[in-house]
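Just passing along the structure, written as C-alpha cells.
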Amino acid sequence: MKKNVLAKKIVFFTILVLVWQAISMSDVWPNNIFPSPYEVGEDLVYMAADGSLFFGIATSIMRLAVGLGIAIVGGVVLGIFMARVETVNQTIGSLVLGLQSIPSIAWVPLAILWFGLTDGGIIFVTAIGAIFAVTINTYTGVKNIDPHYVEAARNMGAKGTQLTTNVLIPAAFPYMITGFKQGWAFAWRGVIGAELLFSFLGLGFLLNVGRQLNDVSQVIAIMLVIMLIGMAVDGFIFKKIENKVMSRWGLR
Amino acid sequence: DSSREASGDTLRVAFFPNIGHAIPVVGMERGTFESDLGNSTNIETKLFDSGPQVIESLFAKSIDIAYVGPGPAINGFLKSEKHDVVILSGAASGGASFIVHPNSQINSADDFAGKRIAAPQIGNTQDVSLRNYLSENGLKPYEKGGSVVVLNIPNPDIYTLFTKGEIAAAWVPEPWATILVQELDGKRLFYEEELWPKNKFASVLLIGRQEYITANPEVVTKWLESHQQTANWINDNPLETRIIFNEFMQNTMGQTLSDSVVDEALVNLEITTDSVDDSIYTFAQRADSLGYLGRDGFSLDGIFFDIASNESVEETK
Amino acid sequence: MAKLETKGIVKYFKHESHNLMALGGVDLKVEDGDFVCLVGPSGCGKSTFLRIIAGLESPDEGQVIFDGKPVTTTGPERIMVFQEGALFPWLRVQDNVEFGLKMAGIPKEERSQISKRYLDMMQLTKFADFFTYQLSTGMKQRVAIARALVMDPDVLLMDEPFAALDAQTRDLLLVEMQLIWEKTKKTILFVTHNVAEAVVLGTKVAVFSNRPSKIKKQISIDFKRPRLTEDENLLGLQQEILSELRPEVKKIK
Amino acid sequence: MKKNVLAKKIVFFTILVLVWQAISMSDVWPNNIFPSPYEVGEDLVYMAADGSLFFGIATSIMRLAVGLGIAIVGGVVLGIFMARVETVNQTIGSLVLGLQSIPSIAWVPLAILWFGLTDGGIIFVTAIGAIFAVTINTYTGVKNIDPHYVEAARNMGAKGTQLTTNVLIPAAFPYMITGFKQGWAFAWRGVIGAELLFSFLGLGFLLNVGRQLNDVSQVIAIMLVIMLIGMAVDGFIFKKIENKVMSRWGLR
Amino acid sequence: MAKLETKGIVKYFKHESHNLMALGGVDLKVEDGDFVCLVGPSGCGKSTFLRIIAGLESPDEGQVIFDGKPVTTTGPERIMVFQEGALFPWLRVQDNVEFGLKMAGIPKEERSQISKRYLDMMQLTKFADFFTYQLSTGMKQRVAIARALVMDPDVLLMDEPFAALDAQTRDLLLVEMQLIWEKTKKTILFVTHNVAEAVVLGTKVAVFSNRPSKIKKQISIDFKRPRLTEDENLLGLQQEILSELRPEVKKIK
C-alpha cells in the first residue's frame, strides 16, 4: 500500500471515530442507545483482559472451520455428482436449489432437535448454510469444463476417481473458489446466527449476552470483532488463493 | 406506526403470551382495561417473547408500559442514563421450579457435579437464581472452572433437550415447569419460593417509561387501578381465567395448553400486585455479584415509581 | 494385415427434428508406419471419424479394427492430439507431458526420465517448469505432441493440430512433424483442411466426400523428405486434390 | 421440461416424502420432535385456511422488496462512487468490505434500539445485509467497463449524470445483476432472521411461533414455504433477467 | 490557416522505474479536407497522438490548435472511431448511431431523421433494430463510422478501424471510405499499420519514427480514386514508405 493511501485511510477512520464520539457526546441519542467509541473500546479491552473475547473467537472460528470444511467436501462431492450424473441433477439438483434459499438460521430449531445443544448443532447450521453455494458453483464449474480436457484425459487412460482428482477438480477449481468464498460468507453468517440462538459459547453468544443484559456497547464491540475477522479472512485467505488461481489459469 | 412518540391518546402495552402474564391477558380479553381507560385512550398491545427485547423497545420508545421479569426491569433501569424505565407495580410472584430429568438421579445439590443444568436466557430471573444457588452450595459453573454445566437456552429448547435427555435438570418458570412435569415425567425437586424469605419473590413486574408516565399520569393511574381489579378477579375466578387464557392462546398463537397444565401452573403462581421490593434488591445484589450489572457498581435509587405522588420513591435499603 | 482398419463406419447425430447422417460408411485401411492425411469439406465428419477411432465416440454401424481385433473403447495404443492442444492449465509443462504415465501408475522417477527424452526431442527442456499460459501457441502445440508421444502409441490421431498457428510457426512444425515421424515410425492419421499441409506431410491423402461422408479418393505421395510448403513439385498434387474437393464443398452451399 | 425428466422428479420427491413418512412412523424419534409429512401438510392447510400464511408471506415479501430496493439503489450509487472516485474507494471502500462480513442478524439489537419494533427496523436489517454485496459487484462492474466505452461516450459529449445513466450503469449491468442476485440471497436471509428475532409478523415470526410452542411441524411447514418462495424468485425473476442480459450482451 | 495543427506535442508515460517518452515533439499540419494516414512502428505513439487530438488525453508539452484556437478537451468537432468500434452492446444499432445526438439533447424525431440518413449511407437501414452481437465485424465497423459521422464533426479521427477485419471486408470498406470522404469532404486522420491501406486512402501519408516519436516524413499521394489495393501504380509508393519504416521497426528490436 502506498504511503498516501495509508494516510488517507488513517485520516478517514480517525474522522469516523471522532464523528462517532461527537454524536454520542451530543445529546441526540442517550448513551444506552448510542454508546461512545470510548465505551466500546473499554468493553473490548475488558473482554480481552478476562480472556472471554479470545475464547469466544477461538470457539467461533473452530466451528466455522469444521462447518465450512464439511460444506466444502460435501458440496464438492455433491456438485461433481450432479454435473456428471444427469439423474442426480434432475432429482437432487432441484432440491439443492430449494434448500439453498432457506436461511441457515431457519435450521436452528431443527438443529437443536437433532443434535441437541452441542457444537454439532452449530456446525450443522453452519455447514448447511454454506454447502449449497459450494455445490452449485462446483456443479457450474464441472459443467463448464472444456470437454477436450476430459476426453484427452480419458484418452490417456484416466478414469473414475483418477479422472475426478486429476482433471475434474483442478479444471473446475476457479469456479469452486468462488463457491468457497460464497460458502464462507454464508458459513460466517450461519455460525454467528446459530450461536446467537443456541446461546452456547462463541462470538454470537457474546453478542447475545450483550443483548440480554441490554449492554449496547458490548454488542457493538463484538460486531467490530466479527467485522475484523471477516475482513481478515476475505483479505488474507481468499484474496491470496484467488489471485494465485487466476494467474495460474492465465485468467488475468 | 408504532414508533411514534408518546401521546395521551394511545397506550402501547407489551406482555408475553404466558400464564405469568395473566393480568394483561385476562384484563385485555375481558375488556377491563378498555372500559376503565375510556374512549379517549386507545390501547395497543404487543406480544413479546424476550425481556431484553422489551427493554430495547422501551428505549426506542416503541412501547410505553410492559410486563417483564425483574432481571430486564433492573437492567432497563440501570442501563438507561436517566433512569427512563421504572417499576410501577408487581404482577405475579413465585412460579418457578427446579425440575430434574427422570433419569438424572439428582436428589439434591450434592448430585449436581458433572451435570448439564439449563435456565432461560442470561440475566433473567431463573438464571440468576440458579447461579446463586450453585454458589451457595459451593458449586461453580463450568466456564468459571467448576463442574456444573449451565446452559442458557430458551424455554422451548429446554423442552426439546429435556425430551432427548440431554439436560439433567432445568430451572424454569411456569407453565414450562408444569409442562416438564406433566408431559415429560420431570421431577419437581423444589419450588423456587422455598428459597426466599416469606416464600415470596417478584416474578413479573409492570414497568413503564418515566417520560410517558409523567406526561400521562391519569392514563397510568387508571391502568393501575384496572390492573389491581383484574388481579383480584383472577384470584377469585381461576377456572374462568384458564378458559380465557386458552382462548387467547388459540386466537393469537393458534394453539392451547392442556387444561391441567394451566390449572397447575396457576396454582404454583401467585397473581399479585405486590412487587415484593425486598426480593428485587436481593435479586439485584445477586445479579451484580454475577457481573451482570456492569463494572461500576449500581444503585436502585428511584426504581420504584409512585403514581400517587407522581415521582420515584426514594427508598434505600 | 493392416495396422488399423475401419469397416463401414456409420454415425448419426440427433438434431431437433431429424437425424443427421454424418458418416455414411467409411472404409479405410492404414498400414503400419503410414502417415495418412484426411481432408474434406467442413462439417463432413473428419473429427467424428478420428474420435471414433480413438474410442471417444462409438459408431452406429461398422467396426474399428486394430491389429486384427475390433476395438470399442479408448486405449493407450491410439492417442489423440486435439486441435486446441487441450493442455491442462493447472499443470506445468513437464507434468502435462507425464500425465498419461501418471495415470498408468508409473513411478515418478521413471516418468521424469521418459518425459525428459520427449521434452528434448520437442526442444522444450528449458520450459519444463512453465505453466501453459506462459507458452506461445506453437510451444503449446509441441507440448501436446510430446504428451501424446510419451504414451508411445502405435497410432497417433491428430485433429487439425496446426490450425491455430501463424504461417511461420506452422512451417517450422511441418518440418519437425516429418522428422518425428521418420524417427519414431509411428502410424499417423492427420486431419487438416489445408491441402498444402496434407501433401507436405502425408504418405497418403484420403479425401472425404460431403455428408453422408465416405472416402472418395486416396492418393499416395512418394516425394523425398523433408518436403516444404514452397515445393513446386507438390503443386500438381495439390491441384489434383483440390479438384476432388471442390465439388464436395459446393454441395454444402 | 421433457416428460421423462418430470417423471424422474415426481418419483424422486414421492420417494422422499415416503421415506420421511416411514421414519416418522417408525419410533426412532417421538412425533413431537419429528413430525410426519402428513402433519406438516395439515399445518400448511390450516395456516392457509385461516389466512395467517398468506398474510405472513405478504408481510415478508413486502419487507424484502423495500429492503432490497433500498439496498439496490444505495449499493449502485455507492458502488459507482467507489469506482469513479479513488479517494472514496480508499476510505469508504475498506469500510464496505468490513461491513459486508457482519452477518445481518448481528444488526438486530441495534435495529430495535434505533428503529423500535417497526417494519423500519426489519427493513434496515434486510437492506444492510444486502447493500454491500450490491456495492461490491457494482464497483467491480464499473471498474471492468471497457475504457473505450467511456472514452467514446465522452468524445460524443456525454458527461456527469448523463454518462452515469447512459453508459456506466448499462455497461456494468451484467455484474450488477450478479450483485442483485447475491443481494437478494442475503436480503431473504436477513428478513427471515430479523423477523425471527423481532418476532413481529411475517414468515420468520411464524417460524418463531412454531418454535416457541414446540410445534415442529409448523416449523417445517414454514421452512417449506420459505424454500418455495426462494426457488420461485431465483427461478422466475433472476434466471429470466440474467438470460436476457447475457444474450443481449452477447455473453452466451 | 490549417484546419488542425499540432505543435511540439510531447507525452510521457510513467512506468515502474522510469518515465517513457512516447511522443518527442510531434508537429503536423492538416488542411481542411485532407485525408492524412499515419503509419509508424508498433508502440511509437500513434494512438496516443490521436487521443491527444481528440482531447481524451492531455500532452505534457505542446498544443493542439483547431481552427486557430488551442483545444484541450473533447469536442463534437473532433470525433474518434475506435479500433474495436466500441459500440454499446446494450443499444440497438440505431440507438448507437443516435447516441451523440441524444447526449446533445436533440429530440427523438429529429434524431431518427438524421440517423436514417447515415444508416442509409452505410447500408445499415435493415439492421437498425439489431443488437451489436448480431452483427458481423464489418457491419460493426460501419456502425461505428455512422455513429461518428452523425455528429457531423469537422475532423474524423480513426484508429486502425479496419485492423480486425478479414481481407475481403476490408477491401469493401476501403472503397466505401473513399466514397464517404469524397461525399462529405471531412478532414480525416487515419492511423494504420498497413501501408497498402495508407496509400489507398490518404491524400497524405505521415510516417512516425520510433520512440520518442516525431513525424519523420510526409508523402503526398495524388492518384485518381477510387483506388484499390491491387493497384500496381501504388506499389512504388508503398515501397517508398516501407523503406522509411523499416529502420524504425528495427530500432525496436
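When the chains are written out, they are named A, B, C, D and E in that same order, and each has its own residue count from 1.
Everything below uses one rule, namely that a residue touches a chain if its C-beta (ideal position, glycine included) is under 8 Å from a C-beta of that chain, and two chains touch if they have at least 3 such contacts.
Computed from a prediction, not measured in an experiment: that's the story for all the values here.
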{"item": "Labels of chains that are neighbours to subunit C and to subunit D", "value": "A"}
{"item": "Length of the shortest touching-chain route, subunit A through to subunit E", "value": "2"}
{"item": "Centroid-based (C-alpha) most distant chain relative to subunit D", "value": "C"}
{"item": "Interface ranked first by C-beta contact pairs", "value": "A-D"}
{"item": "Distance from the mean Cα position of subunit E to that of subunit C, given in whole angstrom", "value": "44"}
{"item": "Mean-CA-position distance for subunit B and subunit A (Å)", "value": "37"}
{"item": "Whole-Å separation of chain centres (CA-atom averages), subunit B against subunit C", "value": "83"}
{"item": "Distance between chain centroids, defined by C-alpha means - subunit A, subunit D (Å)", "value": "17"}
{"item": "Numbers and ranges of subunit C residues touching at least 2 other chains", "value": "none"}
{"item": "Overlap residues in subunit D, where contacts from two or more other chains coincide", "value": "33, 109, 113-114, 197, 211"}
{"item": "Subunit B: positions in contact with at least two other chains", "value": "56, 59-60, 154, 160, 164"}
{"item": "Set of all touching chain pairs, with the criterion as stated earlier", "value": "A-B, A-C, A-D, B-D, D-E"}
{"item": "Complex contact set, residues of subunit D against subunit A", "value": "5, 8-9, 12-13, 16, 33-34, 87, 90-92, 94-95, 97-107, 109-110, 113-114, 182, 185, 188-190, 192-193, 196-197, 204, 207, 210-211, 216, 219-220, 222-223, 226-231, 233-235"}
{"item": "Subunit D-touching residues of subunit E, taken from the complex the two chains share", "value": "51, 54-56, 74, 76, 78-80, 82, 84, 86, 88-91, 99-100, 102-104, 131-133, 147, 151"}
{"item": "Residues of subunit A defined as touching subunit B within the complex", "value": "30-33, 46, 109, 112-113, 116-117, 198-200, 208-209, 211-216"}
{"item": "Of subunit B, residues touching subunit A in the complex", "value": "52, 55-56, 59-60, 72, 75-76, 79-82, 84, 116, 121-124, 151-154, 157, 160-161, 164, 166-167, 292, 294-295"}
{"item": "Complex contacts: residues of subunit A adjacent to subunit C", "value": "146, 148-149, 151-158, 162, 166-167, 170-171, 173, 248-250"}
